[in-house]
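Read from first to last, the chains carry the letters A, B, C, D and E; within each, the first residue is number 1.
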């Protein structure tokens, strides 16, 4: 059981790491959002899954079930909102006329912050 | 009461506060303010004041940031000072 | 019901404010009558409270909100209202001034803040509520909450003026917030050291645990007083005041200028005498020397800067700074060695009576002057001194009231200003602080110059171009046809009432001072309740 | 005979009569005659009230009215004691005359804002009576300030640039000194003594609570603080106030304001300071010297003035100096080891005598201005033939001010000089005599030249003739009064001597 | 120049605060259970007697809403003031100020609106949960109110302000803000009418149906005032957002 917990959380962290690297290294707004949005959602859900399993392993009394359901709800809402917000950001970027960049070019700091915030 | 965590949060807190004050881009400043609030929230929670942390999360990091951004959108983006 | 009057005096304007906001959504015109009704009720309850305090054997009554009284529970569990002679009088002053300012506002509010009368009056009433709450509460944190109530409404009421008022209000917001935060920090430090928020509780713990030498209590003192000094615009920290008060909408100026700094002075006295206690403030900290000197600088700076103003209201705002100097300086006058001899508080700090009386009298005369200035500006359409020309002829009653206020500021008997100066100067003599007495008199003389400048403009009008040594009879005879063009009754009535108050406070100074002396005698010296 | 106090409303009524008059003056403003009738009624009422208290005052029964305890231990109180009676009698009786004169003057020159003029005139008189009857220093100060402010609109009546300048000087000096000097001294005395000795007739003495040094400073502050007395460095408000219409100048210079100043100084000497303290005070001599200096210098300045009213103003400053010299010998005379109650009697008498003389002179100056439009002495040669009554009155007034028989002035000067001799102050006597000589030089020639230098008739604008009867009658009355005071001076002298009995400690 | 001055002032204040805490014997340690604040009779009373007094397990809520309920009432008033103040200062009557923020003609994005349609009810239920559960866990009227307000703001962000105003109009917002205070103070008044002190809810067991003991009355009284707080906070949050995001025009906008 413990192994499962560790695996889930470490997997989540790896995806998170990937997301961060992508956020920093990708050349333009859209690719960055792509990295951030995908990795973020997945890794959060993985980590939360780890938590659920951990809680389940601790014991099955009512309090734990209560917590488990709560965490599950958190995961559910993250699954709903995270892609939506990524979408909204992309949309906003598109509407404000940010061109996807093909070549390596220096990127604007404001976009970077937006990405990080999501 | 994890001392190291305290120190870490406090160390992050100061740059966040300074950033919120110093950045000329108002939108970024309000973001920095949100970060500051979030760190404060962490600090409260870590200190055991869960009620305060909850309020900070809801008001400071949540609604205040929205208000700030809403206001910034109605003004010039750059602060003149 | 009468035992509830300490809380009813808060609830009356509070409910009136909410009523204004709600009914004002539908009918704009109800805001004004509701405001007046609420403030009359508040004044009634204030007077009732005053009567109760006078009647009670200890000259202090407590009201425990939520029923957490001090007999069944430890003191400070809930929030306590404690009314003694000092704040009973200040409460009546607040209610009275607010009522007059509200009466006065009738013509100005629709003109200056069109379509927003209900909101204006809501904030107006809440400002009065906040100020009364600051005065009546005996809980250091509750005081902070009510400072916030009073400040926020004050900011908004000021910002509702012109565009320039908004800028001034912004400065005020920054300074005011810093002040309030300092106060809160100080209260936090005190709580850490004492574990109580009740003022008397803090005082008792400070004494019992021998905390007078504690650095954190010292820091708390500095923080609280730095915050209060910003709030009451004590000289070096007063830069926000002139802009904020002079650019505010008329009716706002008429309530904010007489009350806010005065209530802050009251809070300062409360902090000095009830929370930290005279034995800490006068004994542990030997600040009398520098504090009085700073006050002198404040008095002179305020007066001199007022000399440089060409705008009537702005000139008056600088005078407020000088008056604050009077009060702060008066509170720090100390008889050398008085504390060591274990004398009464009045003998130790002889200026306290002057300071506390000046709270009342300054509120009255500032109100009178601001009302009169507003009425004058209403006639001339401009606040510049040169535009006041010939105003005596046009609106004699307004000018008469202005003169009453001006004489009070100068300190001419029998107006209240004379008597507060009397108490302050005799306090300074008793403390042997000649420099303070001299500063007071110099400022009186500067005030005389200031006000007679205005009166000259208003009295002499335009000079005929031809040589005045002859033919003046002809000239003036024609001028006599200038019509009397007086302000309407809704402006004159509060104005005349305020001028009457200036004189009444002066004539009954002995009774007021007697009440205040009861308070000063009741301040515990050296040990608990 | 110990004085007794009668609780009575009469002093208050005497104070309120003019104030009630204001109401009617303003109420009846539409009709000039009715309005001025109101002033007259008020004046007569006041005068009658004051005189009705005279018999009691002579018997040593003082009417007292207490308003309220205004400060702990200090009451607002009016008391008709002999000294106050003298002053009140002079002021209230001369008000009647001045009113008549004022009507003639104002109508003759068609002045504006006559209602305001008469209203503030009444306020000034109320304040003057208040000062006269004030029973303690605070009450005195209150009415003193009231008088300063009430006379401001009178001084600046013309509301032109010149009036503004005069008014400014007027207020700067009077308010500046009273707030800057007198007020701190009063507060100091109060806070040191607890208020008891501030009452003029109380038996408590200041000496116990005030050191001689402090007493000396307080004395200086009070004497210079009551700058209406016209002591030298703070005298220039008086010439400045000459911009006022002449009835005001007459009132200011003969009756109300300046006399209030010296009256206050007398009160300070006799009512506040006790003799023991006065003797230990070493600044008394300074005041004597300053006053003597004032007498001499102002007479010299008067010589150089061509404007008649200004010359009279400087003359007034000199005459006030007499009074101050006389009273100051109470303390400085002690240096020679001699009391000089005679000098004080002279001072009190001089208030009345000089009032009659000087008001006559001012009435004349005004009458000349109304009748001929002339202001300067050099233009007045030969005018005596055009205005015989006026100039005769002027002559009598001048004699009174100089101190020559058969006028009242001679009596007061006599007492003053006797007092100086008694105190063995030869230099004071010399100065008084020298100044009287100067008075002759600067006053008498005006009258003489008016009568005896024939002038080309064409040099007057054709209208030069006697002023309206309302102007001429008062000045004749006051001239007559000056003469009468010489022959029937005994009641006044009696009162003045009685007043000088009530020195502290009795 | 001003910035440098401000920096110096901040530094001085920091030094001052540090001076206050620097003395180890004087200033209680981090989380010290024997510190005056923790060991004082008041704190001990709260810890031991809260449940006895009002049956509320979360003593923070009990302190806020009952022992120091009067503070909380005025904190609510502060929120109310903020709303009214911003309304009074910012609100313009005529629509002559330029439109700010996004373009009004835009169709709301389908994905976003769908998600919001799903989320808003959940958020609102959560807000109510925070409010109601405040007695035994962190939470209460302020937090619940903010969350509730956020749900309306979310509607305004996802669609536009007009849509949100269609559900919760401006006048209704002001009315609810005032209503919240009336609810709060009304509980106080109710206890006053039964002869007790203001805000002494214990006595309201005579008023509330089905409540037997004063302790339970305090319990429900607290719930009642928290509802009042929530009304005010919710509507003021929404009102402020609306005013700020549209420069006081209260239409269109972000």
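By our rule, a residue touches a chain if its C-beta (ideal position, glycine included) is under 8 Å from a C-beta of that chain, and two chains touch if they have at least 3 such contacts.
What you see is a predicted model, and the numbers here were worked out from it, not measured in a lab.
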>> Hop distance check: subunit B to subunit C, minimum number of steps through touching chains?
In response: 2
> Can you list every chain in contact with both subunit C and subunit E?
Replying inline: none
> Among the chains, which has its CA centre at the largest distance from subunit B's?
Replying inline: D
> Across all chain pairs, which one has the most C-beta contacts?
Replying inline: C-E
>> By mean C-alpha position, what chain is farthest away from subunit C?
In response: A
>> On a C-alpha centroid basis, what's the spacing between subunit A and subunit D, in Å?
In response: 98
> Roughly how far is subunit D from subunit E, going centre to centre by Cα mean, in whole Å?
Replying inline: 73
> CA centre of subunit B versus CA centre of subunit D: separation in Å?
Replying inline: 77
>> Centroid from C-alpha atoms only, then distance subunit A to subunit C, rounded to Å. What do you get?
In response: 57
> So which stretches of subunit C touch two or more other chains?
Replying inline: none
>> Quick check on the complex: what are the subunit C residues that touch subunit D?
In response: 407, 410-414, 419, 421-422, 425-426, 429-430, 437-438, 441-442, 444-445, 448-449, 452, 456, 459-461, 463-464, 468-470, 472-474, 476-477, 479-480, 507, 509-510, 513-514
> Mind pulling up the subunit E residues that touch subunit A in the complex?
Replying inline: 109, 111-112, 115, 118-119, 122
> Residues of subunit D touching subunit C in their complex?
Replying inline: 68-72, 109-113, 138, 141-142, 145, 149, 153, 156, 158-164, 167-168, 171-172, 175-176, 179-180, 183-184, 187-188, 190-192, 373
> Inside the complex, what are the residues of subunit E that reach subunit C?
Replying inline: 16-17, 19-23, 26-28, 35-43, 45-46, 66-71, 74-75, 77-78, 80-82, 84-89, 91, 93, 171, 174-175, 177-179, 181-182, 185, 188-189, 191-192, 196-202
> Which residues, counting only subunit A, touch subunit E once they are in their complex?
Replying inline: 77, 80-81, 84, 87-88, 91
